[in-house]
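What follows is a single structure, and I will ask about it in a moment.
Per-chain numbering from 1; labels A, B, C, D, E and F assigned in written order.
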């Protein structure tokens, strides 16, 4: 308990969190501070590139083994299953209609790569090692949840439209997935020698870039909360805090079964706990346009993301070091 | 300057639907269109802005199509099928165009 | 395709005035509009371009509003109060819209 | 609100020709126009998109000109000379403007 | 006199100045070289983030003292007073109407953060230490001048419109002020330990980024001069060179009274001498739309900024080391 | 033969090439991965800035000599002459009309700066020194080919329009030429001391930025190939592979005459072999609008660029070390 508090305190006072808070505060105060869309996209390209590449290098360093394959499968399963859990919880805790509930549920099965990155950097500053392939697991967990969400939404209904073939390509070849996996593979192929070449681009400035990115996330989340606060009924807010805890418990169980290291356990917990705000929203706009984007975007970005960033990550780390490993 | 009558169709639609719309237009035989970026907007689903967005989910685009009058119905049918379940606005204006042979 | 008559209002205005304009529109009961970016332009106050600009001061945006005819006067009054002392251009075009119930 | 009749001319043209067009407009006495960015499009020369482009060669812009009716012919002549050998679309719409004295 | 010339020469041949000149030359030659708006904004976000954060770390290192508070107050006062001085000079030297003169005056009470940054980097390369809190003073000096300008413009007139409440929020919560102060506070909270984390993002590449930013400033300033040269009557140009000298004298006096170090003195002189081209123009478009933007933007960006950058900074440094400290 | 294969293999597995391939694959799969236009432009500004500056520093280090002037002249001549060669080949190998053939020919006389940069980085990783002034030669070779192309297109025709004066300014003051030459001059003026100031911006992260830029090039090239494959008749594709070989032979001959070092020889071969995709296309849109952009862009970016990047560069290096120097 002592450790978790001190961990939370350290975490809350890290530049990363503070820049997120700055973004939130600026948008609550209605400052016109903003990051241009193109710059925000460039930052996210940088993060995916760096995190994917470093993951690949780390796997090339340690070799592929059964554990990688099993963890990947576990990740896929978690991504399929967690939306069902979330949907059940939503039915109990909130009055959302089926379509909205399915859309929200899909977000919680998928993952937030920035939450993952933030967790990684906490591990790093604590000097805790982790399985390099967790990046691949993160990529694998992005999409399956979308399937579950669509199934939840259309189950028992005459599926008038049939899901178009184009949609699947779009979901699986989503830009962020392709970049993350591609960079991972390139990191795997080029290994530590390749990394040495581009280290001063993707390693040393990484944390600083992350600060800027989180400033932007704070601005966007704050704007969402400000303009869409009305959709956030108490039950929904509560869901946004409880679902990550439930998700992380599933992640913990899987990690223990898999025998992951404490670092890997913590990352799988974080992935399970986090909610998508890039891949899934775009898929939902296409496939479930009747679902209200304010609900799932505000919940994912305005409630669950800050919760994980501030309290969730230290909590998952404490639990992972206690039970995991 | 010799001009002739045509229709200017403006379709404001969510970014993730852009390629579906333009594919539908192509299928309906409409091969000329121009896509403009949209910064933000407001509608029944509230206000939004593109600033700082990473995802395409939050954005919209405006597709402008200038066509001969007789093609209008085909275009609107095609567009309607795509926008039907989606947010977005379709408007049609009368216009005059130069270089008629191009449309 | 069933369409109905509406008005398309296009307001080109300085970026720092954007939120004032959209607030005024909202107050006048106009909740549907779309904001397009502007790259540059020219008017009585000379030529300008957005390239390399850091400040919002130099930029403009185009706000497009599609509304039912009977709301036009309210909108123009509201818009005029905001643009009155400012540079900027307001134009109104007749148009046809799909999905009338949305306007 | 008192309005008066005018013309809204929209010229979609390749980026490298932008300054030639606006210079031609200025020479023809048209000093008011606004340039909008274009994200992509399709025409007889195929589909294109601005994403990832470094060169101006692939891009287009939309130039919007609101002018009094009597200046229209001069503008179209000037514009036509520039766009003649080039891809691009010119359309003219009737519109109403506020603050007539500005045009 | 010898030192100042050699200082000026060194300064004129620094990459920073030369890239500014490249931008100027390119735009005079009507080259199509340009920096996209989103990239320029991203560069300015980077600069504000880095300069604010480093200032905060430096204050956390040295502690808060009375001198910080007094210098901040002095800065606020300078920002209030300098527009009055500028307005007087404008009335004497130029034929500008009241509204235009008030708008121009407001720019000279406020500050240019890039001029400040350039001055800082000259100090650094000369190995001269400075008070870390000068960044906070810079932030404090951005806004008060706007008040003075509005007062000058509307004084003695029936104030038909009343200044809207929204305007004040907008001025005080201007994006650049919020980012600068926010980063300063985060730097203050996270201290040298936080800096170590993001040093290779905000410290080592700083000068290079500054070069690119000044290239863009040169392009924008040159384009302004090219298209708006006609508004620059001789009297106005002269004002654009004399006012920074007058401002710097006020800054020098304040610094001597405050007992600042030579470095701090030079920075306060630079702040007083510099003219805003971000915060104040935006405020003027809203509050004094009748004022001609070509006048104040061209004067601030096309005359005073290059003057300070090339000759002003070495001059202020010479004076600060002679009389200050 | 052994060396060239192993060189090609090393080259093909470098992060730079692999990221280009990732971009190609992503666009073939129709992923929505994309780099915003503003970010792509910012990356290219960075590359021109860094490569120009470093070239200038290197010349300031080694001094200006006759060899620089002679190589520059040789470069200009190559740029004038290669379009004539290309035009001849196109007439023999393809059924392109005169205007299209002239436009394509112009691209092959001019250069691709990214190909040049990639060649430089291969030299670096092989520890092969090179003449610093090759950057200036690269800049010099950008424009003359355009003249030849226009002459080829209009030769023997009543030149109804007369080439406008504005066009020449536009071609010679093209943004990328101005930035490259400007940075070169600034590097030359500020020398190694200036470089030390901005080294951690333009040297260490360079390769990483190049990876991102090549990802974008892959995306753009792939999209071009996907949408314009129909224009690429077999003869044209063959031309896109043979012309670089022919060009590189001219470059080799010139380099041997000039007595360049193996590194310099290889770079002159690469410049001669590469085809423009920035400066020339923009000029062609203005001056030869009747030429079909799909043809020259797809050929240059979709065929010749990847060919040079993957096979050409190792080949030129092998030949340069065998015959050059």
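To be clear about the criterion, contacts are C-beta pairs under 8 Å (C-beta built on N, C-alpha and C of every residue); 3 or more make two chains touch, one makes a residue touch a chain.
Given the structure is predicted, the values throughout are model-derived calculations rather than measurements.
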> Which chains contact both chain C and chain E?
Replying inline: none
> Fewest touch steps from chain D to chain F?
Replying inline: 1
>> With centres defined by CA atoms only, which chain is the most remote from chain C?
In response: F
>> Between A-B and A-E, which chain pair is linked by the larger number of C-beta contacts?
In response: A-E
>> Using mean CA coordinates as chain centres, what's the gap between chain B and chain F in Å?
In response: 38
> Counting in whole Å, what is the centre-to-centre distance of chain A and chain D, each centre being its mean C-alpha position?
Replying inline: 44
> Distance from the CA centroid of chain B to that of chain D, rounded to the nearest Å?
Replying inline: 18
>> Residues touching two or more other chains, restricted to chain C: which are they?
In response: 36-37, 47, 56, 93-94
> Which residues does chain A have that touch at least 2 chains other than itself?
Replying inline: 32, 34-39, 41-42, 170, 200, 205
> Can you name every pair of chains that touch?
Replying inline: A-B, A-E, A-F, B-C, B-D, C-D, C-E, D-F, E-F
>> Taking the touch rule as given, give the residues of chain A at its contact with chain E in the complex, in rising order.
In response: 13-15, 18-19, 22, 25-26, 29-39, 42, 125, 200, 204-209, 211-212, 215
>> Give the list of chain C residues in touch with chain B in this complex.
In response: 1, 3, 6, 8, 22, 26, 31-37, 61, 64, 66, 93-99, 102
> Which residues of chain E touch chain C in their complex?
Replying inline: 34-37, 40-41, 43-44, 166, 170, 216, 219-220, 223, 227-228, 277-279, 281-286, 289-290, 292-294, 297
> Contact residues on chain F for chain E in the complex?
Replying inline: 36-39, 41-42, 45-46, 49, 53, 169-170, 173-176, 178-179, 182-183, 186, 189-190, 194, 197-198, 200-202, 205
>> Quick check on the complex: what are the chain B residues that touch chain C?
In response: 10, 12, 36-44, 47, 60, 62, 73, 76-77, 79-80, 83, 89-94
